[in-house]
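Two complexes follow with chain A in common, the first pairing it with chain B and the second with chain C.
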Partner chain A sequence: MHLVLVGVGLVILTGFVALFLRNAKHCMRFSVLGVLAGSVCFMSAAVPVLTRGQQLSLQLPWQVPYGSFYVVLDGLSALFLVCIALVCAVAAIYSVGYMSEHGNRRLGMMAFAFNMLVAGMVMVVLARNSMLFLVAWEIMSLASYFLVTFHHEEKSVRQAGWIYLIATHIGTAFLLAFFMLLAKVTGTPNFEKGDISGTCSSILFVLALIGFGTKAGIMPLHVWLPEAHPAAPSHVSAVMSGVMIKMGIYGIARTLAILPSFELWWACLLIALGAGSGILGVLLALAQHDLKRLLAYHSVENIGIILMGLGIGVLGTVMHAPAIAVAGFAGGLLHVVNHAVFKGLLFLGAGAVVRAAKTHEIDRLGGLQKQMPVTAAAFLIGAVAICGLPPLNGFVSEFLIYSASFKAGFLGSGAALVSGLIIVAALAMIGALAAACFTKVFGIVFLGEPRSKHAEGLSEPPASMCAGEIALAACCIIIGLASPVFVRAIGNPVLHMNVLDPDAIQKQLAPLAANLLYVVITVLFFLACIAAFMIIRNRLFSRIQRAAKSRPDQAPMIGQAPTWDCGYMAPTARMQYTGSSFAQPILDLFQTVLQSRSKKVKIADLFPREADFHSHTPDLSSDFFYQPLFRWTSWFISKMRWLQYGVVQLYVLYIMLTLIILLLWKVR
Partner chain B sequence: MWTDIIMVLLTLTNMVALGTSRIRACIRIVAFQGVSLGLLPLLTHPFAPDLLIFAILNTLLKGVVFPVILVRTLRQLNVWKEEDPYVDYGLSLLAGPFVLALSWWISSRLPLPAAISSSMLIPVALFTLFVGFFLIVSRKKALFQVLGYLVLENGIYAFGVAVAFQQPLLIELGILLDVFVGVFVMGIAMFHISRQFDHIDTDRLSSLRS
Partner chain C sequence: MINLKEIFQPLAAMLLAPLLFGIINRVKAFFAGRRGQPLLQSYYDLWKLLNKGAVYSTTTSWVFRASPVVCLAAVVIVACIIPLGARNVISFSGDFVLAVYLLGLMRFFMVIAALDTGSSFEGMGASREVQFSMLAEPALFIGLAVLARLTSSLSLAQAFSSVTPQVWASHCATLLLVAAAFVIILLAENARIPVDDPNTHLELTMIHEVMVLDNSGPDFAFIMYAAAIKLWLFSVLLVRVLLPVGSMPGWASVLVSITAVLLIAVLVGIVESCMARLRLIKVPHLLFSAAALAILALVFAFRD
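Entry: the complex of A and B
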């Protein structure tokens, strides 16, 4: 336990020192070293807890009402701590190269906020006292706000920062209510499994779902994600999307661990929200033109998948079906790790692209694979992983959720059957749409020819950035290939979610691990076949070329031409598919949910003039829920304007009247 | 007996502060009130050296330093009278006894620790509090706001002497520091405001409102 706290101390201390260092380069390196040292501490404390299932705790008195410095590192915390340590360390290494262009800016502030974000997140997963938790939660939220508004000279970034700040504090308001109610019914401000009645449990669950769900980005509450992620620097997006929104999932999981019993409708609610977030998230992602915005919507999608996993786990617990509960929770929690890894990777890759090309617009890029091969390969691995294709890590967790849902179908209960079917259908649809979406991204950004001047003459990013990308890509492959081992290791966090003992959980996980082993072997066999085919093809091709060289008078039958040549004599980059045109058939199919709008010029004359085409897909929950809500609120508040005269005496009078009325009410 | 006399003095000075339009007179009255209150802990509590130091400090600040600062500000501003308050002086004087009755009623209902040296202490402390508030709310000249603030502080002080008799020093020292800084800053700020705007009428500062 002390090791973790020393790590937190190191991270905070180096952050503070970096704040006062003049030289931008030194301050960046110093704070990054702090994060790396901290991550080593976190890892070396969390991994034994995760594998052996012991529990570390420490309780110190704290001079705050209802507060005590009560920290516990158990399996569930350790799982999230591993994510934090891994992604933050990689993002920190990456940031050295990424930030080197901003050498003349106040990087001390940046480094400080980043370190505080890391420390805040670690304290969130450790804290077992409401006060300590809320303080850590706020440090995390505020630090990330300052990181999001790093480029605050741009108006859109300030706007995004405001949206994030408001969203996160609406969430915190619900959390305050949640913690007060929890402390009231359990009789202690510390998180302990108390004797909570059914109705109370349900209220607590809903409060937690809204409060933590705002941070996690569940569908109707997700509006800040697509604004904040594009605005933030890329390594910050990687940490925020990879780890910080998972703190919301941690909160929901911790709530489930505290509450003594579950209800069936919680499972239905979780599954419905998960399926909605998943499908709408991926559809909206498909409709985006901005690379980082697209990735942000994919975070919403993956949060949906995680929620579905937790939902089917709750269902299994309620129905007393341990096989379903274990597979569901294991899938949901493992997807937390997996999403942290591949979404971190994708944001780092996107950051490298954006840094080199100076644009977020997908339709202006193209042909980057030839210029940035390492980034392209890493991005491809991340893209395959996020689509849930074997043998990479995304597949593993989705496989667990699938198997839980199929088992739920055979349980013989109507609700379980419907839930299972919904999850299977939603996951299948999400998988297909995600594959389409990343085909679009990878195809448009990395393949083909450059579509504008932005995408020409680029080169690979600095070594530290490449190192970050390669490290996470390696994690994707390792988790995928060693999935049987990792599935076993998830048993300890799952332990907190229901009443089974560790041996029973391992017994439930064993067949899943065995199945995964078959999948991995089969996929490796297929990959070997493809590799063999490629080798044979290259051999044949080089032989033909050699033959062609020896007889230059005879034109070769087979040759290599530029991309998108298509047999034309003078191909231009404008003949290629654009991101919008690639996605259009699918978007048309879902027009009723998406409400995409496009503006085009109809060709009327024989000699058409220059024309252009715009398409835009609105975020419905923002346009039809939040904007009316905020407009109504501001209308209502403006009606209260008569209270504001701007006369000091009147304000003092308000205070005095309030105090006197309170006093009279009390002594009445 | 001495406590009661001081309480009566306090009530009377409050009434005078409510009824006067001349700022300099009001400063003197408030200073007098402060001095008489400064003697209060010596009468209600058994003698101790730190208590004496504290009483001297208090008396010095409220009886000498504050009036000097305020009168100096008055001279610099050249404002001597409040011509037209929100609540005129007759009405203020009429409100006085009413507020006094209210504070008696409240204090009769208030649950209090038993060992209070005088039955008048709590109601008069409350009365002083309310009068301070009243002065802040009902006058326009910024100097009267400062005076209202001082009267308010006197009320809190009296209350502290009455109730928190274990640790009046710590609390009171904190408040005293606040008040000192407050008066100091307000004196300077008012001078600058009047130089900028040629007046210190707070009601005309509302043009700053967006």
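Entry: the complex of A and C
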């Protein structure tokens, strides 16, 4: 335990030092070294907890009312701590190269905020006291606000920062209510499993779902994600999308761990929200033209997959079907780790692209594969992983969720069957749509010819950025190929979801791990097959070339030519398919839910003038829910203006009146 | 379970798959009143292509060269999973998820290879491919969920072995609905009429063929061969739902299945001869109906 706290101390301390350092280079180095040292501490404390299932705790008195410095590192915390340590360390290394072009400007502030974000997240997963948790939660939220508004000279970034700040505090308001109710029914401000009645549990669950769900980005509450992620510097987006939104999932998981028993409708709610977030998230992602905004919507999608996993886990617990519960929770929690890895990787890749090409616009890029081969290969690995395709890590967690949902169909209860069906259909559809989306991103950005001047003459980013990308890509491959080991390790976090005792969980995990072992063996066969066919093709080619040498006049050979464009001899790069046209058929199919709008100049004359075409897909929950809500709120508040004249004496009078009323109420 | 003894099943798929194209062409020729190509024409084509050189577009990168190999390897591995007899080389609980996702990986590489050429024709084909697969994949998974529910097993070998005459007698409607959904998926996933016309001469309306416009030589042979094996695999899937061969001895069920797969090719040929290709905007309706059939089958399966 002390090791983790030393790590937190190191991160905060180096952050403060970096804040006061003048030289940009030194201050980046200082904060990065702090984060790296901290990550080593976190890892070395969390990994034994995760594998051996012990529990570390420490309780110190704290002067704040209701507060105590009560920290525990158990399996569930350790799982999230591993994600934090891994992604933050990689993002920190990456940031050295990424921030090198920003000159001397306010880097101290950024380094400080980054370190505070890391420390805040670590404290969130450790805290077992409501006050301590809320303080850590707020540090995390504010630090990330300052990181999002790093480029605050741009109006859109300030706007994004405001949306994020408001959204996160609406969430915190629900969390305040949650913790007050929790403290009232359990009688202690510490998180302890208490005797909570059914209705109370349900209210607590809904409060937690809204409060933590805002941070996680569940569908109608996700509005801040697509604004904040593109605005932030890319290594910050990687941390925010990879781990910070997972703090919301941690909150939901911890709530499930505290509550004594589950209800069936929670499972249905989680699955419905998950399926909705998943499908709408990926559809909205497909509609985006901005690379980082697209990735942000994919976070919404993956949070949906995680929720479906947790939902089917809750369903299995309620139905007393341990096999389903364990597979569901294991799949959901493993997807937390997997998403942290591949989404971190994709944001780092996108950062490298944006930094080099100076544009977020997908349709202006193209042909980057030849100019930045390392980034392209890493991005391809991330893209295959996020689509849930074998042999990478995304497949492992989706496989677990699939097997839980198929088994739910065997139970003989209508609710279980429908839930299973919804998850299976939603996962299949999300998988195919994600493949559509990432073939679009990879194909349009990295392949083909450059579509504009932005995408020409680029070069590979600095070594530190490449190192970050390679590290996370390697993690995708390792988790994919060593999946049985990782599934075994997930048993300890699952233990906290009050399903079964440790032995029983391992007994349920054993067949899953065995199946994944077969998956790994199959995948190895697959890789062997690829190698074999490569060799066969090379043999064929070398034979042909040998034949060509002996008969130079007419023999076939291996040549190069421009792309065959059906007889048209002067193709230009602008004639290539664009991301918008690639996605258009699918978007048309879902026009009813997406409400995409397009604007074009009609070609009418014989000698048409310059034409253009714009398309835009609005976010329905922001346009039809939040904006009317805020408009109504501001109308209502403007009616209260008569209370405020700006005269100090009047405010003193208000305070006096309030005090007298409170006094009367107390004396009564 | 890994049974290397069953290695003859993927080998049979690799050996016999190109024959399916020959049968389809012969049936179409018969309907058109022509003599048609020899039955083994696809083998000759493959052999010729394997001995040819290749022309690569200057726009393409390693992705374009890797794609044919990945596609062929994926279908060969899936051929080790989908069983003709009582079991196949690879079988475990949840194997069909891996099988469908390997086919997904194949599609992923086909699509990015098409985009790698930078041609708008190939982009068009790629765009259609992902659109239709997005609708076909849920239908396929729901159909498989019905099978899993009916036989209470998550491995294809076990599920298909449980499809006995008794099961057929009591769940006839469910199985027929699943089979109907699988027919539609088979036609859509393998780029056959009414979804895609492999023989059309207009690149603007093609899906699968237009994605591989730039491939040549051995690469093109690999892609054609992979397409043949994929058709074989989907036919096996359909045959095993339709025929209750699970209770037969292993070799007999293998022989019956292979014969039935060849008959499926005849069926595809008849469909191609009697139908026109649908307009592209109508194809989603067909795929929605496949999903609807599969969901209906699940409702029936739950009632029994």
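Simple rule for what comes next: the second predicted complex is superposed on the first by the 631 of 668 C-alpha atoms of A that agree within 3 Å, B and C clash if a C-alpha of one lies under 4 Å from a C-alpha of the other, contacts with A are read in each partner's own complex, and residues count from 1 in each chain.
Keep this in mind: contacts are C-beta pairs under 8 Å (C-beta built on N, C-alpha and C of every residue); 3 or more make two chains touch, one makes a residue touch a chain.
Note that the structure is a prediction, hence the values are computed from the model and not measured.
Once chain A is used to superpose the two complexes, chain B occupies space next to chain C without a clash.
In the superposition on chain A, A:V667 makes contact with chain B only, not with chain C. Within the superposed three-chain model, A:F30 lies out of touch with both chain B and chain C [touch as defined at top]. More residues of chain A are touched by C (comparison of chain B with chain C). In the superposition on chain A, A:V647 contacts chain B only, with no contact to chain C. Judged by the touch definition given at the top, the superposed model places A:M656 against chain B, while chain C stays out of reach.
Of the two partner chains, chain C is the only one that A:F399 touches; chain B does not reach it. When the two complexes are laid over each other on chain A, the CA centres of chain B and chain C sit 160 degrees apart as seen from the CA centre of chain A, to the nearest 10.
In the superposed model, A:F150 makes contact with neither chain B nor chain C. When both complexes are overlaid on chain A, the residue A:F442 reaches chain C alone and has no touch with chain B. Between chain B and chain C, the minimal CA-CA distance in the chain A superposition rounds to 55 Å.
Once the two complexes are overlaid on chain A, none of the chain A residues touched by chain B in the first is touched by chain C in the second. Those residues of chain B that touch chain A in the shared complex are 86, 106, 109-110, 130, 133, 136-140, 145, 202-203, 205-209. In the complex of the two chains, the chain A residues touching chain C come out as 366-367, 369-370, 380, 384, 387-390, 395, 398-399, 402-403, 406-407, 409-410, 414, 417, 420-421, 424-425, 427-429, 431-433, 435-436, 438-439, 442-444, 447-449, 511, 514-515, 518-519, 521-522, 525-526, 529-530, 532-534, 537, 540-541, 544, 548, 555-566, 571, 573, 575-577, 581-586, 589.
On the side of chain C, the complex with chain A involves touching residues 1-2, 50-61, 63, 68-70, 72-74, 76-77, 80-81, 90, 92-95, 97-98, 100-102, 104-105, 107-108, 111-112, 114-124, 126-128, 130-131, 133-134, 136-138, 140-142, 145, 148-149, 152, 154, 203, 213-214, 217-219, 222, 284, 291, 295, 298, 302. In the complex of the two chains, the chain A residues touching chain B come out as 644-650, 652-653, 656, 660, 663-664, 667-668.
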